[in-house]
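Below you'll find the structure I mean.
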């Protein structure tokens, strides 16, 4: 694997996307930094070309701050932290010597997500549409939309366009038909991706949400419905995994 | 309960729907006939006003014939037999001294259902629409449609109108908006009832089918989706239970 | 769909149920108002002829107040808010410039449900019976009963008539036999709808509740029992979905 | 354990229920005979006082014959073989040098059960009632009834008394109220034990059957309903386990 | 049913177990008292011959007090209240004008159970053994044991005799072999009832508990193990349903 | 929707991808042809730009032949039929007046898939890699690979590269790192997509297969593992849904 | 990894366990042979030191024969084929130019397992005990026992020692207490491993079997019971995975 | 069983591992001490040769202290208490007359585990490797590692070596290939044990963790994946059961 990684660095140098100094640094750098509680993959950004991501749930705030600092030191430009409570966000914002809500550190309450560093200019092949069934799906659909934006994509949001009121969806047919990839977010019966995939001619990533009660089983009904979609072109991520959908959409939209 | 049953008989006499002789017979008749392997409810047709129904699965053909004959003897006009194999149907047709396919004994292969006696004239409040998602749902949707017809209802069928091709459904908006009750039959992601209930202003009975594979779990995915419908006015019956939907629709459509 | 909507408006004008001015307003009105966090369906009340409903769970109190105000402005007479905490109810009552518990804004603690505006006079074909198995089922059975009343129906309540003490149920045989539609609410083994459907000759809507423990699985046992009812004429809604049952019952009972 | 076993033998001698010779034999006998494919418990009949039972499923016919012969040799009087196919039964009947259907070897087709040796005279405290919901439950209810009879009990059968037609059940109230123990057998929604336990004042053993389809999940719905019975005095055995219910009922009915 | 109830009263009069005055009272009494939130079955104690039971969970403390008072007024001697929090118990104790812990009102913290009135003298056929697997099963096993005692039975407790240390169980073989009925309480792998039923010759009621974690699924693993017991004579109640087991054991032990 | 469809036709005319005559035909054509048992979507190929697909399971062979003929008549070039038994394939091949295995009609036994008409030249952005865990996964991985090929893509197959022998996978690192999209097919523990996604920098579509036994639950274990992948960039389709993965991969790889 | 593999070869040469010629051959050999339908790992036997294993299910007989021949060519001494039908075994026996049942090719019907080549002399640290609950568990327990033997271990079998008859188990306490590792095989309630682990002081590998019915769910009940064992020292393999248990036991018993 | 226990004592005397006085004490000692709420097994340490273990969850702090004191009194050297909250730990530390964190009483916060008494010197056959997938798995992997250490084993930890970044794992190939037994701890898709077992030639004990969300179902996905591992030599313990894995690993590593 070292060879392929090396070839990637050289290709970036050839394209002028990496300076000679940075290349030297990168080649000499250890592939992993061991912080004791976590191993940071120093080659990942080069290998996959995206911002770094930290999954905030189940990590202590000092651990997240430690990982963040180490990444910034090693040259990472943009860091996405998902599933981050407001309290942890405040601690990290202060720890970075910055007031929360400043451009360099944005925290989004509804999806509980932080972006450190600049959000890159949209650079994908086209537009990513993020459609969601109802108001309660917003935490998940916003996680998807902001992830895609943080990874350098143009995003169009269609909110509260659930299938029980088709007109709301049909009035956005143009956005749907011109998308490069669509993320369809829904709880309860999870029918939105099937209806959208029947209208669109691009890949649809379905995100079930835990919205609902009783036999919704915390999103399982929506998940199953999406896996059984009668429309072609649909794939599915885990319940409430807005990040995963945004990340894959970004990969699909990459030039 | 005897009182309420008696009152029912008298009301029918008052309305001229029951002759004096039949009323006398009914009042004297035992409420149940015990055939050893089954107890036949002699009061049921009067109490509920519908054709008699025999669930054919798990009963031997001689048992079904025995029950059928006893019912005809005690004055039942129309008998519906559901989940009846072709082989059993042939036996029963012969046992009744009649060729299969004669008006008096109709057997429908796809829904595996027999109707003995005349199909009553439509007498309900309006029309029952039976919509189904795909070709493979036909055995269930036909069971529903024929049940409703055998119980005296006008039925309109919308076949292969699944949600992944909305135009097929939307081209039948008039039928949907003028129905008294709609039966929506679908397998896989089970989204059809939600979409229809958003378009209609009458009750929708959802019937999940076991059509699908893998995470369809024999109709469970569709069932869960239907129970979690985000549209108001939807209720659900068991997987593949076309009969149950047709029966309840007939009750709803009754004047 | 616009055509069918238009035809509906004209029919209402023809029947004198809609004034010329209101008709003009309705025809010109946008089908949806986008509040950012929700899209309000301005045509729905006309299309479906019922009070508007807001599902309170998962919406912030200011959002609910915003939606309520917008609906009242656009001419909605009666609004039902379900799954509304007492704290939110108090906020909304004040926000509407009204004391809680005044006729115009009623809040019902046990089913956590608010009704804004006048409860219409009963106008259905007959009576809706709401039967429940035990004391703990009251939050759900009351949600069903109040929903049906708010949508203009006469409701009879049979409380604590579970199957383990048949006499309690059998002493209400008259109400059961004269109902237009019955809502049967039960947790635990969920047997009530089967027993009632065997006694009645009208549709029965079964509502499983999450009452119970252990292998009750939060209402799943009751749900499965109801889906497998051996009695004809039963359909089922989601666990604890008293609203859904009340809404469908109202549709069935509509003239 | 040897001590308690010994004490049992001596008590039987004291009561005159065991001859001296048999006692000597029993005391000297090895507790188990190893047939290679099975270990036969030679002390069990004395310890538990019942006929021996062989579970026929998953054993080859020569194995069953071998076990049977060894048991008869060691003095067992009555042997019950459950889940025995007709073909195996015929082989065993011949292997024992006897025509099938002779008093010494009875084979019951519906419950697929054989009884070898005399069926003992009823000797329990009272009557065991076996009630079943429908015709399709007969294989299970007959397994229960015949097991109880083979273990020396008086059995009363109530067939096809499902809860959707209460009159059939209520007409047998006397049998229900005078039973020592009741076995209630039902598939689908499994409500029969709850209704019976509300009427009776003796223990009720509930047996779910795999009768049903779709969300019946092969008897799981009935099983769950029975475990969640709102009536006191109900316990449950495995799906289709008529034998287990009959065996426990016999233990309860023992003087 | 009235007839059978009447016959019961007369039989009690004949046996001298009911005074003439009480009989008159009972015959005239309404079968149910409707408290609005609950219907109290006034005939039940006579019909089933046991203390009255109130399931405390999901009822408000004033409701429980109201039901209790009404029962005491109508002549009930002993009342069992299960699943009762300490706070509610204190309220009810005061409401009855009595200090908690006085003989007339006992509250047991571990099983969260109250007994109002005298605990009857043991009057059953023999002894009920309550065996439990571990210390954490005590809340359930004590609910079973106290229920059986409150219903007039002699109870022997075997605590912490789980199958991973067989000696603890085998040292109590005498109690096991001389019981009339055994209640076996266990969580985790739920093997205790199978082992006990192999040693005993009386019915075993198995009670799965929610003790455990991970793939214990809140008692489901233990429940399934018990339903699949390879030993004869085992039946099962719901997870943590110590009351149900104690109640049925009392019925079995009744003379 | 008509407008967007019309615009699509005009765009194709503008780009020279559609002749004037064909455009006229398309504009005049009915959107759906109703064959009674199926409604054929005449606009779909234009709308979505792909070959037509028929899901063969649950359709009769004469129905499939009828649909195929109708499609060929209306100008479809390439038709994919999935889940087609050999017997049906032979019937259809003959019905089209062609010997099976001729270039125009290819049937692939292992994935039970037929391609009618020419397989288009690869025209996508890059290469689709189809990796599978073991020999038994071939029916599914071949369905995916052939679907992608039939829709005009270059496909590279990596067979039997399961995670329990990492060297087999690591020796193909170049193919993995240069793919545009990867389809990872695996049964049992379903770990392949996670490992591949960690190595690749393109989207990975995970396909669980029903290969395995016991707690594999017909592919559910693999499905769950894939939904819970710790690697970013993975989405999932239904169990054994090779077609779905191939179709979405083709959409992603489209220029 | 190449280094560690190389070091292994050199160590074997150093220990005299590998000749120089074989070492040269091994070093030069390709790590994998690609047969098209399978990749054979040529280094595995050296790396893991065991006989080669082929999982027969889902492979065609010619594929299995092909793999077998290739392995024998490359110097493998002993090959184990599991889940092999009798018909395939016969084909392979002939294909190897040998009569079935000759020492070189043994086929075992009950566990459907073949051993090609010599069974090595026992060379482990001690004895592997394979205990099974009942006769029906033999296919699985024999798969475990023969696997362990084929991998060079001494095996002691304890058959039909289920927990409902403890004496059968307790009479083998010496074997249990002197084992190096115990494999405990059981279906139904799966209690055997817990009881054995409480008696033994060595690791216990639990194998659930699919023996049982109803709520046994094809071995799931036994699996869950084993995962929740209250005894320390138990780990679990998949349902019916006798091979897996035998293989791990051999690893544990290796010197 | 007494015999085998006695033989064990004598063997320890013979080997000089037990003094004569201790042997006399042990032989005279009662096998169990009954504390009322728990029965302490006084023979266990001798029988199984390990430190004593107390499962802290579900026991009150005074109970744990009581058990601990009784064990220390009866000569136990090292006691492990698992699932112990910090608050209980503090109470017990004080109750033992010792400051928390002193050598004699260590409390480990992350795995919530206490060790009382000396940690024995490593005395096993080799090294136990504990590998974990991510930072959030630390509570479980530390429970496993500390258990193994407390039972006298050398442990090597590999932290944060999940399969989505193979390099982190592959850089530790030497530790993996030289281990005697490996514990592989992972949540989410649970793939780590399969990958490790493919690299190692020793037994692998897989521990699923409840890390994850949505379709992770609290560790069930990881559990299923591990049970279905395509690699040989893997067995599985309950979700989050680090103790069980550490205990079995210690048994395997014992000389």
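Chains: A, B, C, D, E, F, G and H, in written order; residue numbering restarts at 1 for each.
As a convention for this text, a residue touches a chain if its C-beta (ideal position, glycine included) is under 8 Å from a C-beta of that chain, and two chains touch if they have at least 3 such contacts.
Just so we're clear, the structure is a prediction, and the values are computed from it rather than from any experiment.
Novice: Hey, what chains does chain C share as contacts with chain G?
Specialist: D, E
Novice: Spelling it out: a chain qualifies if it touches chain E and also touches chain H; which chains qualify?
Specialist: Expected: G.
Novice: Could you work out how many touching-chain steps separate chain G from chain H at minimum?
Specialist: 1
Novice: Cα superposition of chain D onto chain G: how big is the rotation, rounded to the nearest 5°?
Specialist: About 90 degrees of rotation relates the two copies.
Novice: Which one of the chains is farthest from chain F, going by Cα centres?
Specialist: In terms of C-alpha centroids, the chain at the greatest distance from chain F is E.
Novice: I want to confirm something about chain B and chain F. Since they are copies of the same sequence, is their interface symmetric in residue numbering (over half shared, so same) or not (under half, so different)?
Specialist: different
Novice: In whole angstrom, how far does the Cα centroid of chain C sit from the Cα centroid of chain E?
Specialist: That gives a centre separation of 39 Å.
Novice: Could you work out how far the Cα centre of chain A sits from that of chain G, in whole Å?
Specialist: Their C-alpha centroids are separated by 45 Å.
Novice: Provide the list of chain D residues touching at least two other chains, using ranges where the numbers run on.
Specialist: 1, 165-166, 170, 199, 214-216, 220, 223, 227-228, 232, 238
Novice: How do the chains pair up in terms of touching? List each pair.
Specialist: So, checking each combination of chains, I get A-B, A-C, A-F, A-H, B-C, B-D, B-F, C-D, C-E, D-E, D-G, E-G, E-H, F-G, F-H, G-H as the touching pairs.
Novice: Note which residues of chain E are touching chain C in the complex, please.
Specialist: Counting only chain E, the residues touching chain C are 1, 31-32, 36-39, 41, 44, 57-59, 63, 208, 210, 218-220, 223, 238-241.
Novice: What part of chain F is in contact with chain G in the complex they form?
Specialist: Residues in contact with chain G: 135-136, 138, 159-161, 165-168, 171, 211, 213-216.
Novice: Going by the contact rule at the top, pick out the chain B residues touching chain C in the complex.
Specialist: Where chain B meets chain C, its residues are 1, 4, 47-49, 53, 170, 173-174, 177, 181, 199, 201-203, 205, 223, 227-228, 232-238, 243-245, 247-248, 251-252.
Novice: Applying the document's contact rule, which stretches of chain C touch chain D when the two form their complex?
Specialist: These residues of chain C touch chain D: 133-134, 162-166, 170, 188-191, 194-195, 197-199, 212, 214-217, 220-222, 224-232.
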